[in-house]
Structure formats: C-alpha cells, structure tokens
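The following block contains the structure, expressed as structure tokens.
Residue numbering begins at 1 within each chain, and the chains themselves are lettered A, B, C and D in the order written.
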Amino acid sequence: MDFAYDARTEELRAALDTFLRDHVYPAEPVFAEQLETTPAWERPPIVQTLKAEAKRHGLWNLFLPGENGAGLSNLQYAPLAELTGRSPDLAPEALNCAAPDTGNMELLQEFGTPEQQATWLVPLLNGTIRSAFCMTEPEVASSDATNIATSITADGDDYVIDGRKWWSTGAMAPVCELLVVMGRTNPDAAKHRQQSMVLVPRSTSGVDVRRGMRLFGYTDSAHGGHAEVVFDNVRVPKGNLIGNEGDGFAIAQARLGPGRIHHCMRLIGMAERALELMCRRAVERTPFGKPLAEQGVVQDWIAESRVRIEQLRLLVLKTAWLMDTVGNQGAHTEIQAIKIATPSSVEWIIDKAIQAHGAAGLSQDFPLASLWTAARSLRLADGPDEVHRRSLARRELRAYRKDPHAH
Amino acid sequence: MDFAYDARTEELRAALDTFLRDHVYPAEPVFAEQLETTPAWERPPIVQTLKAEAKRHGLWNLFLPGENGAGLSNLQYAPLAELTGRSPDLAPEALNCAAPDTGNMELLQEFGTPEQQATWLVPLLNGTIRSAFCMTEPEVASSDATNIATSITADGDDYVIDGRKWWSTGAMAPVCELLVVMGRTNPDAAKHRQQSMVLVPRSTSGVDVRRGMRLFGYTDSAHGGHAEVVFDNVRVPKGNLIGNEGDGFAIAQARLGPGRIHHCMRLIGMAERALELMCRRAVERTPFGKPLAEQGVVQDWIAESRVRIEQLRLLVLKTAWLMDTVGNQGAHTEIQAIKIATPSSVEWIIDKAIQAHGAAGLSQDFPLASLWTAARSLRLADGPDEVHRRSLARRELRAYRKDPHAH
Amino acid sequence: MDFAYDARTEELRAALDTFLRDHVYPAEPVFAEQLETTPAWERPPIVQTLKAEAKRHGLWNLFLPGENGAGLSNLQYAPLAELTGRSPDLAPEALNCAAPDTGNMELLQEFGTPEQQATWLVPLLNGTIRSAFCMTEPEVASSDATNIATSITADGDDYVIDGRKWWSTGAMAPVCELLVVMGRTNPDAAKHRQQSMVLVPRSTSGVDVRRGMRLFGYTDSAHGGHAEVVFDNVRVPKGNLIGNEGDGFAIAQARLGPGRIHHCMRLIGMAERALELMCRRAVERTPFGKPLAEQGVVQDWIAESRVRIEQLRLLVLKTAWLMDTVGNQGAHTEIQAIKIATPSSVEWIIDKAIQAHGAAGLSQDFPLASLWTAARSLRLADGPDEVHRRSLARRELRAYRKDPHAH
Amino acid sequence: MDFAYDARTEELRAALDTFLRDHVYPAEPVFAEQLETTPAWERPPIVQTLKAEAKRHGLWNLFLPGENGAGLSNLQYAPLAELTGRSPDLAPEALNCAAPDTGNMELLQEFGTPEQQATWLVPLLNGTIRSAFCMTEPEVASSDATNIATSITADGDDYVIDGRKWWSTGAMAPVCELLVVMGRTNPDAAKHRQQSMVLVPRSTSGVDVRRGMRLFGYTDSAHGGHAEVVFDNVRVPKGNLIGNEGDGFAIAQARLGPGRIHHCMRLIGMAERALELMCRRAVERTPFGKPLAEQGVVQDWIAESRVRIEQLRLLVLKTAWLMDTVGNQGAHTEIQAIKIATPSSVEWIIDKAIQAHGAAGLSQDFPLASLWTAARSLRLADGPDEVHRRSLARRELRAYRKDPHAH
C-alpha cells in the first residue's frame, strides 16, 4: 500500500499547475468579459488561445490512453482531471479534455472503424470540432439506458432515426459537428442488446436542435449549452454504426467508468478552488470587528471541507486504481460509491464557500454559484444519486440474501 | 390559545385562492413565453393584465395597514402572503404586494410628508410606478446597518449623495422611478443616529444604474433585476429627507419586521408549491416499474417536507401575532428565529422536489430551480443566517451571564 | 388565532414551576444518592415524599379529564406535561402523571366497569399502586397493533392468556400490581376487531416477569424497568375484560393520542432543561481562554436549539388543540407529525448539550445522557419514526392519486 | 500509488479473521452470560481463555513495533485493529492489544528504564496485569495537556503526587496494577516542559480509586470501568519517573498518534459489524409484508454506510502510511482529520443499524447500543471534535494569513 503519486504523475501535475497559474487563471476575467459580447453558443476567443498554448506545452489529450493520447492510466490521469476542475470553464477545454468529447473520443478509438476515426476522431483529437452525446430523453428515466425509446431503423443502406433527446451537452454550438446518438435498433432482442449507437453529423437533414436547457438560469452558452434535439426521419449511412447492432448498451457502459472518474476528480478540484476562495475571504473580511477566519462557524466549515475533500479524493483514486487493476466490472461498487459521495459533498463545500462570501457569492463576481450548479447537476446527471444508492445497497445485501449469517 | 384563522382572513384566503386558480396559474406559461421576447428589464405584458384583474377583485395593497390599504393585521396578512408565494413571479406584483415597494409604501405612509406621499406614495399605491431600496453596499457587511458608508451631505437647500450600492432589487427597470437611499448624514452622531434616508428619483443626474447582479444564472430581468448603483455627486432637495436626520436606522428597523414576515410566508407558499409539484411527479412518474410515490426515500422527503412546513408556518404566524400584540421589539427573538429557520428549511424542501423531477427540475421547464434560488438567496439577504444565529444565542445567554444558575 | 395560554393554564404553570423549584430540583441529588442503596426495581424513598407534597399542593392527576382528575383539556395540560419533562425521573411520578399509569387510568375511566374502577382505578388515582401496559411483543412489528400474537382464549368463566410481551415499562417493580394486556380473542374477526384488552393482576399464577430490558446501559430500575413478561396459561375471570371483545384496537387507539402529546411535551421540557444546562456550562467554562458562550459553534447550537424548540412546541400545542376541537381522528396527520418531529430534534439538542459538557456530559454527573436516552428511545417507541413518515406521506399523496393536478 | 495490503498484512488478516470466527464470536454470548454473575470490576473467565488461545495462535501484541511485539508498521497493524473492533469487548483484550495498555507499553518500551521495563513492561506484555493512564482531570479542559493541574513534587528521593483524575479507564479493576500518571513537576518551566509522567502502583498509599464514571448507564465493569482517582500525598521513588522531568507533554504526544489510528480503525470495525447486523436484520425482518431489505429508506442507510466506511478506512490508512513515512509531525493534519471524521460517521452508521432493529437495538440483546456508546464517547475522548476542527482550520488558514492570494 502506497499513497504517493508516481513520478510521471507528479511531473505532469507540476506542469499543469504551472500552466494554470501562468495561463488559465489570468484568462478567467478575460473569458468573463468576452462572454458579454460573444454571440450565443459561440466560444469566446480566449478559449482558442488557451488551446494553442496547452498544445504547445504538451498538455493535450491527457485523458486518452494509448498512442493517440498521453497514454496515462486512470490513476495517473485522475489527479490531472482534478487540477482542470479548478477552472472548469476553461481548463478542460483548453487541454482538449472536456466532456463529452472525452467519452466520444474514447469510444471512437476503441470501437470506431478506420473511416470513422479518420472522419471524426482526428478532428476531435486536434480540437478543431466538438461533439455531443445524445442519450437522455425527456420521457424516460435516464438512469437506465435500457429505457431509451429513440428508434434506429435499418432501411436499405441507411439507418433512420426518430426520437427526442435532451441534455445533449454542447449541441447548441455550431462548432459541434458530431452527434453520437443512442437508440433502439431491435426491440425484440434481449434487454441489453436492443440498443445501438450511430454517428450523426449535426448538419444532417431532420436534426432539429431545438432549444437550450437551462441550469439554475445558466445557459452554459460558451460550452454549447444543453440541447433538446429532435430527430425526425434522420437518415445516415449504415457505415455510421459504432460497433455492431446491439452493442449500444455495452459501449455506453464502457464509456461510463472513466467519465465518472473525470467528473468526480474535476468536482474535487472545484471543491479545492471553493475552499481556497473561502479561506481567502475568511482572512480578508472582517465584519463585526473580527475576521471571518477567527469565527468558529467558519472554521468549522473549513475543517469539515478539508476532511471531506481528503476522503473523497482517496475514494476516487482507489476507484481509478481498481479500474486499472481489475477492470470496470470489478470496480462496480466503487464507481457507484464515488457518484454517491462526490457531488453531494462538493455541493456542501461550495455552499459554505458561498455563504462565507455573502450575497457576492451568489453573483457573477465569483465563480462559486456556477461551481455549485455544476455539483448540484451531477447529483442528477448519470441518474439521480438515489438510484445509485439503491443499487449499491442491493449489491451489499446480496451475500445476506443467500446466508443471513454471513460475516 | 386558538389556532384557527379569523373570519376575515378565511374570506380573503378563499378569494385569493380563487384568483390564483382562475388568473395567476394560467398566466404562468404566458409569462414564460412573453419573457423570451420582452426587452431586458421590462415587464412582460401579462403582468399589467393581472394587476388590473386583481384590482378589479379588490385584491390590492392587502399588505398595507390603515386606510390606504386593506387594514389587515400582520397575523391576517401573513396567510395571504403565503398564498402569493405559490406564484412568486406573478402574484405579489399582481396584487401590488411585491417587495421592495411594500416596505417603501409602509415607510412613506408612516414617515412621509404630505408632499412626499402625493408625489410617490400615490403612484406606488396605484401600481403605476415601482421603487427600489438602496441599502446594501459592496464593501461593508450588510447585516449591520450602522456600517453603511454612503454619504449624504447637506449643502445649502440640498443633500448631496455619494456612494455605491448593490442588490438594489428592481432598480434596473425603467418603471422603477424612485430610489429610497440609506446613507450617513452625521458620522459624529451616536452609532444609531448617523444614518438618514432620502428619496432619490431614479432619473436624477449622477445616478448611475450600472449593472444587474445575477443570482446563480438568473438576471431576474422581469422584476427589474438587482442593480449595482453608483451615486456620484447626486443632488436632491432637502425636502426629500424621510423623517429627520438621524432617523435612518430606526426607520430601517421599523421596515424590517413586516418584511421578514412577508418573505418567510412567501417562502412557505413556495415550499407548498414545491411539495405539490413533488407529489404530482411522484404519482405520475414510474421509473424502474414502481411509482416514485411508492419509493421509501421519496415518501420520506414528502413527510419531512410536510412536517417542516407545519412547524415553520406556526412559528411565523406566532411571530406575526407577537408583532401585533407586543410590537416588533417584543418579537425580536422570534423575528430572528423565522429568518434562521425558514429559508434553510424551504431550500431543503425545494431541493428534494428538484431531485424528484430529475434533470427537468434544474431547468426552465419547472419553476423549481427558480424557487430554490429565491430560498437560497434569503439565507443571505438581510444578513447571513449565521449573524442572526449568533445574535439570538447571545440573547438566550443573557440571563445566564447574570446568574449561571438561572432556570 | 391566539398564541397565549388561557388563565387557568398560566395559573397551573406558575404553581408547577414553583413546585419544581421548591421541591423537585432539590430532590434530584437526593434521588441519585438514594438510588445507590435502593434495592433493584424499588423506588427511592424521596419519590414517596414528593408525591405527598404534590398532592398537598393540589398538583395531582393533572393529566386526567373529567371529575376524577383536574378536568383539563389537552391544550391546557400540554404545557404542564412540558414542565414535568424538566425533571423526568421525578416530576411525572410525583404528580401521578407518569406513563403508563396515565393511559391506563384514562382507559379505566372511559371503558372500565364500576367494579374494575373500584378495584384498580381508585388505587391508581391515589398513587398507591402502579400499573403496566403489555402490548409490544418481541416477534412482531410493534408499530401495527393488529400484529399482536398473544392469545386470550375464553374458557368457561375465564380468559386464558398465552404469549410473550416485552418493553412492559414498570412491570419489574413489585409496586406494579396491574398489567393491562392486549391480546387476540378472535383471529377470525375483521382485522381491527380481533383484539381485546384484559386486566391481569401481576401476582396471577403463570405471569412470569422474566427480565428487565436495558436502554443503552440503563435499567430504569427506579421506574420498574422495562420487563419481558411471559404469560403461560394465565387465567383471569371474564369480568377483567375492558369493554367488549374486539374493542382492543379501538381502545389502544384512543389511548394513543393523549399519550403522544404527553410524551412530546415532556420531551420539549427535557430539551429546555438540556438547553438550560448547555447555557450554564457555556458561561461557566472557559477552555483555551475564551468562554464557551463566546464560541461560534456553541452559539450556533444554542440558537438552533431555541429555534427548534419553539417550532416543536407550537406544533404539539396545535395538535392538542385539534384533538380538543375536532377529535383524534381529525388530528391524525398532526399526531404523526409530532412523533416524527419531536424525538429526533430533541435528541439533537441534548446531544449538543452533552458535547458542550465534555465527557462529564456522558456520565452520571449530569442528567444529559439519561435525557438523551429517553429521546433516542422515543424514535422507536410507538413504532419507528420511519413507519410514521411513510404513513404521513401516503396521506399527503392521497389527493394526488385521485387527481395529479390537485392544487 | 497502490491500494493493496502487503503480503504480511493479508496473512495476518486471514489468521485473525479465522480466530474471530472460531473463537471470539462464539465467546460473545458466553461473555454476556458470565457477566451477569461476575463480581463488579472483574473479568468474566472467558476472557482468560481467549487470551491463552490468541497467544497460542501467535496473535499477541500485534500492535507493538520492535522485537517485543509483532514488529508491524502502523499501516500493517491498522487493518488488524479494524478486525479487533468487530468484537470490541473481547478481541482487543484477547490479543493483548487493548487500550490503554497499548499506549502504556509503547511508552515503557520507548522511554522506560531497564528496571521499569522489567517491573512493568514484562507483565504487561505477558498480559498478567493491566494498567491505566491517568491524564484527564475533572476541572480542566482535557483537550489541552498543558492544562493539567495535578502536582508532582520532588521531595528527597521521592515524588509526591496530589490531584484528581477521572476517566482513568480500567483503573477500577484489581488486575490493574499500574497507573501512569501525568502531572506538573515545574510550573515555572516553558509551557510544554512543565509536565512529567510517573509510574504509580495502584496499591500505593494515598491512591483512592473513588468511583466508576458511567457512559450512558454503562459501567464498563468488565474492562475495569472509568475511574475517578484521587491522589492525596502519594509518594513514589524518583526512579518511577518516565524519561526526564519536563518530558511529559512530548511523551503524551508520541503516545497519541498510534492510539488515534487504533481507535479509529477499531471504530471502522465496529461500523462494519453494525452494517453487517443491519443487513442481516434487513433480510430477516418483514414488517408490513415487505422485507426491510426492500425498503428504500433502509437501502439508503446501507448504501450511505458502505460509502462512508470506505472513505474513512482510506483516510485512516493514509494517515498510518504518513506516520510510517514522514512521522507523526508530518501527519499532524491527517491525525486530526481522522479524529474529526471517524467517530461521528461511525456513530451515524450504528444509529441507523439500531433503528433497523427496532427497540431490540437499544437493548442488551444486540451489541449495537454498546457499540454506539463507544463511538459517541470518542467524539469527546482526546478532546471534543470541535477543538480538533478549530485547530485543523487554523492550520488550513495559515498560508492565507501570509498571502491571501495563495493558490
């Protein structure tokens, strides 16, 4: 048992930390200013600058295993994902490590044909286009992929897609050229073999990117929003299928594990940023003649935040290690556990940081309200926490159902 | 001891309930639609329609004691404020019972000169103009009014105002013609006699309504936003002073008690609305083959929500009764207690209603995210909860400091 | 709506408060000392002294409506029950207002025959004997009285009782001469008509008072403990039946409402006592050079305790008022709500008072650990909170099941 | 970074697990039965049997580094301490790994003279005597060792000890022959050099073991209770000093780190045991026609318990690893963090296990109430959590005090 990061990880952490200090944090106010005048759903220009800079520093596609990326293990990438979470509006995209492109690149790398990779993976790896993942639907419980109702029907050399998706993050943006769509190809197959995934160019006729869903008033415009997309008789060639018919569920599962690690580590980075802001505020602000830093309640928040963060990080890192050593299946309980533990704890921490800032903490003058919204959303994204809690409990109870006296 | 509303209250509750069902709830989707095309900081036209309708039904200025209003006690108005909280974007304004006009009308009625009343109170009572209350400042702890730094300096027949305010709700809107400004007239006076209040027409030279503060991602545009306002050498005649020089703090305190009741009762109405939406969703939605309404965790949320609401309502009503019977001073502890108890509990309830709705609950498709933001904001408005908790504790400890063996 | 106690209540509160100060609080250390040398399951002699004193002051049987008692309404008795909770080891018994005698006297008064009343009610009213209520059974979920398995079989002029009960409070004590036993007389009747109640002298052959159940480490010896009682072919004359065969469930329900009020109000009294101790400690103790009373976290506990107590008391009082005005049935939701809200909140308050006392708070040197145990137990007594929460939620959901769009 | 236990640890874990199954769990009911008839403060005979058995299996003094013990690192011993926590009344003592002997043996091994070791360490290592640690005093805040008031005065060849201690765990038992006493030798020295530690045979004249402190009604009789001990002119030879005069504080600190690891890991073992009991109960019990295991609220408790346990264990293991690699000083924050996180979380878990058991969970029929009391006590032992939270916060804030813009 060893709790130290390995040398490669430490080296990349140092490089990334320097990059954040030199380029990303200073870009934050520029981004906010440019945002006021950038047309809806387009990126402020500073984002492009940062991407070029990151590429130049070799901080590019760090998330991706294999030759196309940095070739890091989950355990090696996790602490880097944490660092990007410190500036979540800028750092992940700057490094070409932003969802949902990360998951889409992973699946194209693992399951894509050479043609699919040439057409879509290459520009994604280069950061010249963005992509969206169209899975969740308004009418069904999104926490169970087998509920998906969108139909993908074979018709001659094509597939025809009909259905309605929402929360397709990034799809409002013109730069998003690719939609990865999950649908049902065979309603008569076994439950987990009914689904398939197809690649749909956003410009395909019949694709109607209808509106952006808001999160607590935020449009997330600079990230292409969260689109409701209607697919009405959308026709793509059969060559756009990823893997085989019926592989959709399995591919979605494969995509899930690393994504969970990324999300959770970024959240931990957000929590560290929020704690940092809380500490700064605490030493700078002196209402009623005593610095916040000397008030017991604020100290309590700070201590509790630190203690929670340490626990969360260890849990996520152990999960990454398990995925690397025994695979996603063997890490199933832990992958659920980090989803249960992380968003709610991070939400708590950011809430306290907001409270320490007074009304300013609710406003655009600090990143806290936006960070909070990210954490709150992740209590629902990928299925509500409650679904994961129930599932984890059932697994825990399994041994006792066979033998109530199991130790 | 008697826990039943009196006859007049019951009659008005019934009338208001009917008005909500017949006019306000149906107007909600219209409001949302009009909002998309209404210029920033202006009211969607449906608001005007509702105001006319409410006036026609005699549901107008219910909050105001005395002849100018409905002449209700705090205890009688409180349950009506609760009902308006069920549709907080529309009902309070429709009935001309929206903050901060309510507090401004109260102080003009109680402390205004006949000239001030003719100029400002009459159009406010008629609902033809709106007003703002400029108190909180970016640089000082807003929970203590004696910290106010904006200066109001006598100069000949005028007062000259210099300072910076923010969170001046409503002030972004052109229809807001009056700013009630709290500032310091005499830095050498006793601590609570340094402040004064003056009436400043929004169009006065030197008034710079600079930007709207956001709450999470919301601008609250349809309500005139929350403005940062800079007063740079702003000159108003001395006749614009409310009461006497040095009365500012006392007037602000007088304004506070009823406002606290209104805020808390509206929050309780929001909690009822959220609970209602949660129950509806619970019976309609059947993920994983079992209605949410039969899932233990959701039942737990519903029960806890009901139990909390009942307790909160009784506490606020008792506080209103105390204010009516022994005055604001005698109700001091309770006025703090409702501020401590209500926003955080209501926030909890709305959070659970959101969770029951899945990602839809975070979006513009339900009022929940917006309701939640209102509750969250009130953990900071009027001073952070923590300040009130500390103050209430000190009062509780007072007897023991004199005699540790006090029973 | 009126939140003031009536004159009779105020008068009795004052008298009881004086009695507590003059007699009960000073008796507490005496009780603790006598306890060390009193044989197990017997009362320390000071209890008898206090009973005589209370009777002399006319503070006797206050709980009982009608001529045999003080004739108070639930709403009038509730604040007196609260005061007895301030010294729960002594005051309730001193006033002959201790459970389970209170419930047993109520049912004997309401449903007993003249013979039963002469034999059992009179000595109970005089406080010369004690009684127990044998309902809960080890093998069934005690939250549903229809689960009761103990059999009561008619045999000639007798009933024969067989079964096992536990948590029969008081039954370990010799002074407990009467067991009120709930059992099943007719397994074929409708679900709520199968049960009956019989009076069983504790000395009857076949009654085996087997052992005292402990609560955490407490035996509650001075109150006759919490007995496990085996009934093995126990024979009593048919005249010992209360009411008619099949009335058991209905009688148990009638007994429940007032008991819930008593329990909850006593808990509130315990919370007040704990808060008082916490405040005293806070002003007296100065670790690390600053009084606890000036430490933010302790202030937070004190404020939160006060705010919770005020809400709980109002909820319980409203419930008492509902029972007085519309009956137990009409107060059903509220009777559940106070069970859900009170024990857990009071437990929280006492926990904080313990924490403020350091390790002393866990020990016999303060009443806090014992008070805490009482509150913790009541999260389970009368059925776990979770059962009541589920039931309240179902009731809340009822309207929506008929019409999901109910407002 | 590697999250797997090393081979030696795995081997010992397996051996200890087998020992628990074969010997300890079966001994639990025997212990409970013997306890009823064992004289106060003496060990039930089964304890001696288990000690012999453990010795025979080589599971003896596992906690102790160096040649006298098993020579394990903190990281290696930690998971074994966890396993002993599964049966905390029996396993730690059976393995001669029970507090406070562990800490006392550590300090005798590290700081004792050959004579002291021959007289006291040898019989402690053999398990033929027990010892107590007399540090906490009734009148001072025990969380700061510099507050200690007991005086140790040099007088000729002797030290004379005067003072009052309490919570001296184990000291009520005759088998406890040694008291390690912390006191003040030089009130004029620097703050952390005033204290010294001396060895006092329990039989020394002037040692008055006055009474046992109770924890929630428990006497902990079978473990020698928690004594209040008065030292009245107690005289011991100067050779009984441990280390040098003024070393007391430093020795106490050295003793603290490993003890914290042991306590926390045992608590985690208790939490695992409680979770196990909760799961068993959940599959066995079917109130209202549905197994507890299928009720959402119970599933929620189980999932949350698992998620918390995993996080706690990782945090404690990392702390042990830090102590092994960078020393106690470098692990300071983490040693505080585990004290803050563990007792309160484990208390929560055990509380839920109790609730799932109904009233039985509060009683002597299950170990849960006793386990809960252990966890609750540890929120205060070694200083209240609040003190550690404040201290950790100050450390966190340190960097910001120097530079508010620290990242």
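Going forward, a residue touches a chain if its C-beta (ideal position, glycine included) is under 8 Å from a C-beta of that chain, and two chains touch if they have at least 3 such contacts.
Since this is a predicted model, take the numbers as computed values, not measurements.
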- Query: Which chains lie in contact with each of subunit B and subunit C?
  - Reply: A, D
- Query: More C-beta contacts across A-C or across A-D?
  - Reply: A-D
- So what's the Cα centroid distance for subunit A and subunit C, whole Å? 53
- Euclidean distance of C-alpha centroids - subunit C vs subunit D, Å: 37
- Note on the structure: Separation of the C-alpha centres, subunit A versus subunit D, in whole Å, is 43
- Touching two or more other chains - residue numbers and ranges from subunit A: 295-300, 386, 389
- Within the complex, which stretch of subunit D touches subunit C? 136, 138, 140-144, 147, 166-167, 213-219, 285, 287-288, 295, 297, 355, 358-365, 369-370, 372-373, 376-377, 379-381, 384-387, 389
- Query: Inside the complex, what are the residues of subunit C that reach subunit B?
  - Reply: 1-6, 9, 20-21, 25, 75, 275-276, 279-280, 282-284, 293, 296, 298-300, 302-304, 306-307, 310-312, 314-315, 317-318, 321-322, 333-334, 337, 340-341, 386, 388-390, 392-394, 396-397, 399-401, 404-407
- subunit A touches which residues of subunit C in the complex? 295-300
